[in-house]
Amino acid sequence: MSTKKFMYLNRKAPYGTVYALESLEVVLIAAAFEQDVSLAFIDDGVYQIVDGQKTDGIGMKNFSSTYRALGDYDINKLYVSKESLDERGLSEDDLMPLVYEDEDDDWAEKPSVFVVSNAELSKIMSDQDVCLSF
Amino acid sequence: MSTKKFMYLNRKAPYGTVYALESLEVVLIAAAFEQDVSLAFIDDGVYQIVDGQKTDGIGMKNFSSTYRALGDYDINKLYVSKESLDERGLSEDDLMPLVYEDEDDDWAEKPSVFVVSNAELSKIMSDQDVCLSF
Amino acid sequence: MLHTVNKSSFERNSLQSCVNIIDDSSVILLIEDGVISATNNTQSSIVSDLASQGRVYALQGDLEARGISSKVADNIKVVDYAGFVDLVVEHGTPVSWV
Amino acid sequence: MLHTVNKSSFERNSLQSCVNIIDDSSVILLIEDGVISATNNTQSSIVSDLASQGRVYALQGDLEARGISSKVADNIKVVDYAGFVDLVVEHGTPVSWV
Amino acid sequence: MKISIQVNEGPYQHQSADTAYQFAKAAIEKGHEIFRVFFYHDGVNNASRFTVPPQDDRNVVNNWADLKNADGSDIDRVVCVAAALRRGMLDESEAGKNSVEGNNIHPAFRISGLGQLIEAGIQSDRLVVFGD
Amino acid sequence: MKISIQVNEGPYQHQSADTAYQFAKAAIEKGHEIFRVFFYHDGVNNASRFTVPPQDDRNVVNNWADLKNADGSDIDRVVCVAAALRRGMLDESEAGKNSVEGNNIHPAFRISGLGQLIEAGIQSDRLVVFGD
């Protein structure tokens, strides 16, 4: 099959709605198709990868650890809107330290999360073949 | 059964979601219980009673005529937020001319729609026993 | 790209977010409750610049359903579902701001 | 009255609408994604006055789930579900800004 | 106090059903009575006995079905008939009336009319709405 | 062009399913091919053969079931299995595997995996998402 650029656009906070969880389920399946995969986190979507989520109090499944596994599936382009973080009083330090091992660089551990401006996000988005919104 | 004050709080545009339609279905049933019923239309809820709705183009049921029947069920307190209308470039002239016949005044036809300020709505809301939100 | 927005800017932030991010060649199609943002109101400025460039569309059936066909702001182009299909065909990857 | 708001003020207008209309004796409880509005951010001013009067609450479990317990703004009171029940009992007719 | 609850969204898509359940549980633990839980709009989907959630996640339908008042009595769980029919939630009786083969309402729930919601508002000290 | 569609919300609660259907119909009328309609999230509820809408309203499920491409071939209507199971949408096979008595998937739809969505993205010229 041909290779296309897929973007997963995540704009909603986790737990309040199922979109974050079911977006992640698609991303994991997508990995098997060897497409070019990017994830974008904008607006309240940035809360999906905030560190320290604990769901015991609300009786729902905590799926945040799954984001840590994305690197093992070669999903290592997670773009986070800087403007969205700033507005919410969040910084990169508040996010989970997601990484992957670069097979082209002696398996060096590298970051998967890129905090970018909306202008940069715009360019990345314009380059996509398929955009799935959650 | 005792009489309570019920308010139906409508904040969403019709057709985009089912809340307007299913709110109306509750209101019609509520009439049979002889409670004190008020409807509030605020935010995009004001579009529910805008005149001239035509749904042929979207293939959905046009239920706007049902609002005209509310007067026959003694539901005649429809409060509309003036601020919500103003923001949306709407005025009372854009709304359906909903009326009822006042049995205590020789069945004179009177308006059911009252455009009120948020401050007035606040007072009306504070006086309710039950508030159902749609 | 074609960006679809299906919620009123009075209710949600999706239209503003879309406008903040899209590139100079993108167009916006307002559908469902999103057509409220195609009318003259206190939030018209969100799309007025793009509209004056001919880059904002609104779905006719949704305007009619909400009784606001006569209130569409200047420079916004009204299309039917066939026009929606044409926009999808002409503008490459569609993005939904759901 | 007790007013519950379950959406972030960044996503929807429900918190602002609620604040615009409620009376002087009302309190607000932020639940679900609404707890985002309980943190220090550029929209904190929507509730800061009410918070300084001790009239804004946020649900603990929802703050913890979203990893933002440590970011709660000044004067906002954190409660658990039992505290939610107490607020419903104490404040008369509850209103949901869904 | 006598408290009733309206649930407007289905399980899993929105947190409303979960929050409503946690609220109901806490209310019972504090000695209040849940007079009725009324499922309206997509909330009717909470009553499906067909749901098969992942094993490591909560079972929203069973949570409702297992909820009891402090005296051990069942909670009155009412599904709105009009909302249920258009969304494909049927008990044996409605399936029969509408010539549908099969039914999917969990036995812990009962289908009834919107009057049950109004009555809950009249009979309860508080009616709390959970939606999206 | 080859166009695929993703539907994220159930029938009646949100307009998304209606808009998606109107879009698909218009695309076919204009000579395009609908390669696949993928039902995800609450969108899986579009596939229920149990829905009984009021007689004066549209039937969303039948609208989908009756939709055909211009050459008369059926549209490929795929329901995500993971999303379907947690929301109580089952065909005979899934009901059997999960020991549930009964099933509610309309025969015009088939249950399959998320790979079908990715494949639709790869194989189609456009993938259009309808949600809330």
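As written, the chain order gives the labels A, B, C, D, E and F, with residue 1 at the start of each chain.
In the analysis below, a residue touches a chain if its C-beta (ideal position, glycine included) is under 8 Å from a C-beta of that chain, and two chains touch if they have at least 3 such contacts.
Just so it is clear, the model here is predicted, and its values are computed rather than measured.
Chains touching both chain B and chain E: D, F. C-beta contact counts were set side by side for A-E and B-C; B-C has more. If each chain is reduced to the centroid of its CA atoms, chain A and chain F end up 27 Å from each other. We define each chain's centre as the mean of its Cα atoms; on that basis chain B and chain F are separated by 35 Å. Residue positions 15-18, 43, 58, 60, 129-131, 133 of chain B each touch two or more of the other chains. Among the residues of chain E, those touching two or more other chains are numbered 12-13, 15, 19, 22, 41, 54, 57, 82, 127, 129, 131-132.
Residue positions 6, 10-11, 13, 32-33, 61, 80, 93-94, 96, 98 of chain D are each in touch with at least two other chains.
Checking each pair of chains for touch leaves A-C, A-D, A-E, A-F, B-C, B-D, B-E, B-F, C-D, C-F, D-E, E-F.
Chain E contributes residues 1, 3, 8, 15-16, 19, 22-23, 25-27, 29-30, 32, 126-132 to its touches with chain D in the complex. Residues 12-17, 43-44, 47, 50-58, 60, 62, 64, 86-89, 94 of chain A are the ones that touch chain D when the two sit in their complex. Across the complex, chain E is touched by residues 10-13, 41-42, 45, 48-54, 57, 61, 82, 85-90, 94-95, 98, 100, 102-104 of chain F. Residues 9, 11, 42-43, 81, 83, 118, 121-123, 125-126, 128-131, 133-134 of chain A are the ones that touch chain C when the two sit in their complex. Against chain C, the residues of chain D that register as touching in their complex are 10-13.
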